[in-house]
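Letters are used for the chains, namely A, B, C and D, taken in the order the chains are written, and counting of residues starts over at 1 for each.
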């Protein structure tokens, strides 16, 4: 199956199978609903599209993920049904890239099969690792034959009933700035899921609770890949992980736009203030432009991530800011175009708006990314000028 | 008490009494909470600020409402506590302006005292009166000694457990385009509260259900003011009513901004990326500008409503678009500035965002207002040119 | 004549007399054109509206200036014709407030009569006083019976052929942070108009050249008001001066909107894509909202400047940011609505765009104002919390 | 030379040769400047990058043009130096695609060599063909052995001293809706260059005059490609032509951003309000995002134009709106970041702003494109629903 065919198959699966299974807005999917949808996704041949074939997936390369993930994201349930939802999708990617073969067998294979779920335990309560990983407070210290982990993590998406956590911890014995990732089964002694942070979004199974690690002992083979590489691995995970969020939410924005188009079509049929429709057309066009430019920046970032990880990281940062804001605008316009119905729960649009709103904060807020994007631009230009490019701001000289 | 003193007293009441009484985000005020707060508002001498003194209120003139209503709106519970919340506040204004003395005694007095609630039954299911009142489908027909009302109303805010409805109905016997408002006690035979439309906001007590009128018989004295004046009365109510929404929501936006300022202050104290704070400063300043310009357009519209109702209606339409969008931006920036916490229910900001979102649709969507604003501008200019002003678009002549 | 009558008279004068005298876009008014227009303004009874009656003006109070200045600004030539153009208008205001009676007779009276022009010499080349007055490098030192001024000023609007300069200079003998303003006739020995900074705007007569002060000797009576009060006086001048810019440019934006309305009317008459007109209506409405909110924030700032200079300064800073950006948007939309003609010199719109663009930089850039606005908001909130208001960002506590 | 190498060579040529040749802002390149630069471009091996090798160019495929054209556009003189400037570039593309071999030898070869210039005569005075080609008023009628052309064209970029015009004319004898393109040497009897429309941009050699065709006789071989195919050919030309505008202007926007980066770097070095820099960082980041998203939508459109001309036309329409607005924002931010200097002619930024402003109107205004984009979206969705997709706007049913 080519990538285009897989996107088409995913489209049919999501629209024919997943959409009808959606619970009414404001209500929840029954507990076994996810398993049932995953079973049907397997039958439809669209399960785990991004997972390498040797772990049971469809082996799609990263720069072909976008159309498939967009189709999955057309329903809030689609990514879970296809097993390409955060945080598992990012965790599987990381395990594939840096885990040992034994770790891959033990953790990646069942994740890929949808038999368990995982979480990524990096964020900490203030003043620990928030947007600034350098403040990491959780530690893993060498003990006989292994490591002992102590610390508190916060806003750990998917932690509730997850099978395993990838825990980010400082390992001071390996250097002041050294961090290590460890694979910790959630039923290990000393691991406790704490206070659930309540949010208004529902797409991620397992909530966003605190997780406490109190004297948690793990063996040496719990070290993901190599000890001391935690920060490097975080980058390996993050570049694609924030981009797949873009892909999925872009799919949801397309659905919002289609809903608005249905509304506008019906108003045209039944008669309406023509001029009113004119303003609507401007809004629809703005959304089309947002959708197309989002798709384009995602494609650009995915291609660069494959060709040149460093350039790809910058591009995925830019894509994250652009897409997180663009999908919010598109859904907001759809709410507006559906008028009174748009602001009720008769349509899912307001729920969609609440689902995507946090994306402007997750994985680095728009402001943090903007700060970093500007710093990189200044550095890039500094290198150019130091490399001989003429200074363009010549006004100084003329004063 | 001067208007400034009343604003100050309201400020103290809301911050000292109402804020501590707020239920946690995502939960509801206990049923008797509203009554308790109204009692305390009376004790504090801030109850019913906009109601004429002869009906037990504080008699504040319309162009002094804004600072008081803003202080009330600083809490979602404030306007109900002060009895200046929609739809009652708009209904009381209308009753004061057009009701007979008997109607005022029977309906306005208990409303002003907070002993009952009311609703305004104008909007209808498609293809009836939505944003276009001309499509009004509900009828009131002459019967012996009174009128018989038939029709279905939709999205009737506050209808659940309201004591009285102001019902807008076509009265074809008075002319094809004639409409009449009627005062209908909600326990009248044939009145039935129907399907509740679920929304994400909570500030309006009594929900937004459908209300059915089936062969509802009322006496002649149920006609509000004069028969056939329904559309004119709708304008009387609407100009101030949408402006008081602006005032209340502006207060809520001030609260969101204060919350963001608290966050930024504490980050400054505890240290943060300075450059990050720089971007935050741009956002804080944009919000200050939104708040100040919102206050200014509200004041301008309130003043014009008093001086020249026609100019005031245009000004209140412009204010409605500007303020409804500005308060959304201010709260959205506050969500962003509070980062991870902003997108959870640990803070009420996301709830505030959901509360104000519908205001861009209620009382005429931004698009409908824009259409009307543009039409008025074109007409205004046409009159000027017809009155002798030179045409400025002279390019045509030069081609 | 009431303020409203004066606004109406100004309107008629500008539209009937000034508009027909405008040179074609891209060309200049003949040298004696300004004098001729001022003569006619005197005849029409609209000359020097803001100047106190005792100096020959119409004595309009500050909070009534806006409608008159807007009418004047409808033409780029209007403010010069009425003698209410920058920098003279701001200089006259300052002279009225702080100059000695002798200085007022010598400098204010002929300025008010339009017999001469003036400039305000504050800005300096890098790293002197730019947006940061504290960096002031020009000095005035005590010499026998007077002062000797040395320094270079830059971007001194109106300096070419001006009669007098108000020179801002550090006076270190009065204290490290002391600055003094001095009235220096431009024909004084040692004053030299230097390199003209070329710009794309034309409304200010006298260009924006450098001005050199080399050993310029003036007597004691050249000190404007009191020595050492320079920075305080700069604030006295600045609050109203940036607001009158807002008023004048708002008038120009109204003209651009009227031009666009003429275009849209004629397209309606001659037929056009209706849907196209719909998008146009959204743009026209956005401009109406920008115009109304600009007027409202100007009125709010003018009123506060009269009532409470400190609050007025903040309000005029906010007004400056809002209006400078709003007028740019309004004119830009007008360019767009006039299509092909809008981007040529067949219409003056593109010239208008170039005229107002610098206003987002002059008198403090939007960014500098935003920085100050945010700082003031943080301080305001800090005082409130220190005064007992509860901290609203309660998420910290819950973590 | 690979495409990447050619982009690099172009970069070096433009920065080392073209930038130093730029005349000061507000002045013009000497008449022989263009020829000199073209000669040096030939020597540098970067001349005519997009022209097929068989006509003397470098034969770059369309989906590789963007990086090269961006480098060329870094200077307003670059595209002319490389012979990839409008309107010649679009005309050469069209000639290559649809002209007969004889026409290609006669017209394309000398154009490709830079020996002559051309214009594209489609737009007409009101009410002729403006944004709506269907209103085409110029006619070509069959005469013995050829055609006789009558009509008036307007805003014909590059017409002054052009060697040949591609004239769009209605050919009613071929059908009511038939149009034909004809190749008309500008020295043909009856061709007259008329009133020059003055603009504020300078990048296009040959101005934007009216061109009159009065009884102009041409032979049969003047018909470009096939008679009656005029509208189809217009689409062939337009898709890439508006995209190459995007590429060139994007290069200019990069230069503006580099200028702003130089300013920010020097302010960092010399000290500045850090918070001020923070707001600047937000602006720089926004510009980086605009640049990256513009590049991405251009690449997407270029790829689609190669793969699927119909989808490519939609994509190039979206790219045109996005890029024309984005480059304006980027340059405007650069003006602002350079403060006082930005709004003078000491820097070329304000000139750049005037150069790109018309691009939001040329080749279909943003509004016309938005209207078309919305129409296509509605049609696309209609086809989907008619093809069996479920209607998503389900609120109607629930009412």
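Keep in mind that, in the parts below, a contact is a pair of C-beta atoms (placed from the backbone, for glycine too) under 8 Å apart; a residue touches a chain by one contact, two chains touch by 3 or more.
Keep in mind that this is a model prediction, so the values were computed, not measured.
Enquirer: Taking each chain's centre as the mean of its C-alpha atoms, give the chain farthest from subunit A.
Expert: The most remote chain is C.
Enquirer: Tell me which has more C-beta contacts between its two chains, B-D or A-D.
Expert: Greater number of contacting C-beta pairs: A-D.
Enquirer: Whole-Å distance, subunit A centre to subunit D centre, using C-alpha means?
Expert: A distance of 38 Å separates the two centres.
Enquirer: Go ahead and note the Å separation of the Cα centroids belonging to subunit B and subunit D.
Expert: Comparing mean C-alpha positions, subunit D is 50 Å from subunit B.
Enquirer: Among the residues of subunit D, pick out those that touch two or more other chains and give their numbers.
Expert: 126, 275-276, 279-282, 344, 346, 367, 370-371, 374-375, 396 - these are the residues of subunit D that touch more than one other chain.
Enquirer: Flag every residue of subunit A that touches subunit B in the complex, lowest number first.
Expert: 25-26, 123, 127, 130-132, 155, 197-200, 208, 270, 273, 275-276, 279-280, 283, 335-336, 339-340, 342-346, 350, 353-354, 357-358, 360-362, 365-368, 370-371, 374-375
Enquirer: Spell out the part of subunit B that touches subunit C in their complex, as residue ranges.
Expert: Per the stated touch rule, the residues are 15, 19, 255, 257-266, 268, 280-282, 284-286, 288-289, 292-293, 295-297, 299-300, 315, 318, 321-322, 338, 341, 344, 346-347, 367, 369-371, 373-378, 381-382, 384-385, 389-396, 398.
Enquirer: Which residues, counting only subunit C, touch subunit A once they are in their complex?
Expert: 125-126, 154, 274-282, 396, 399
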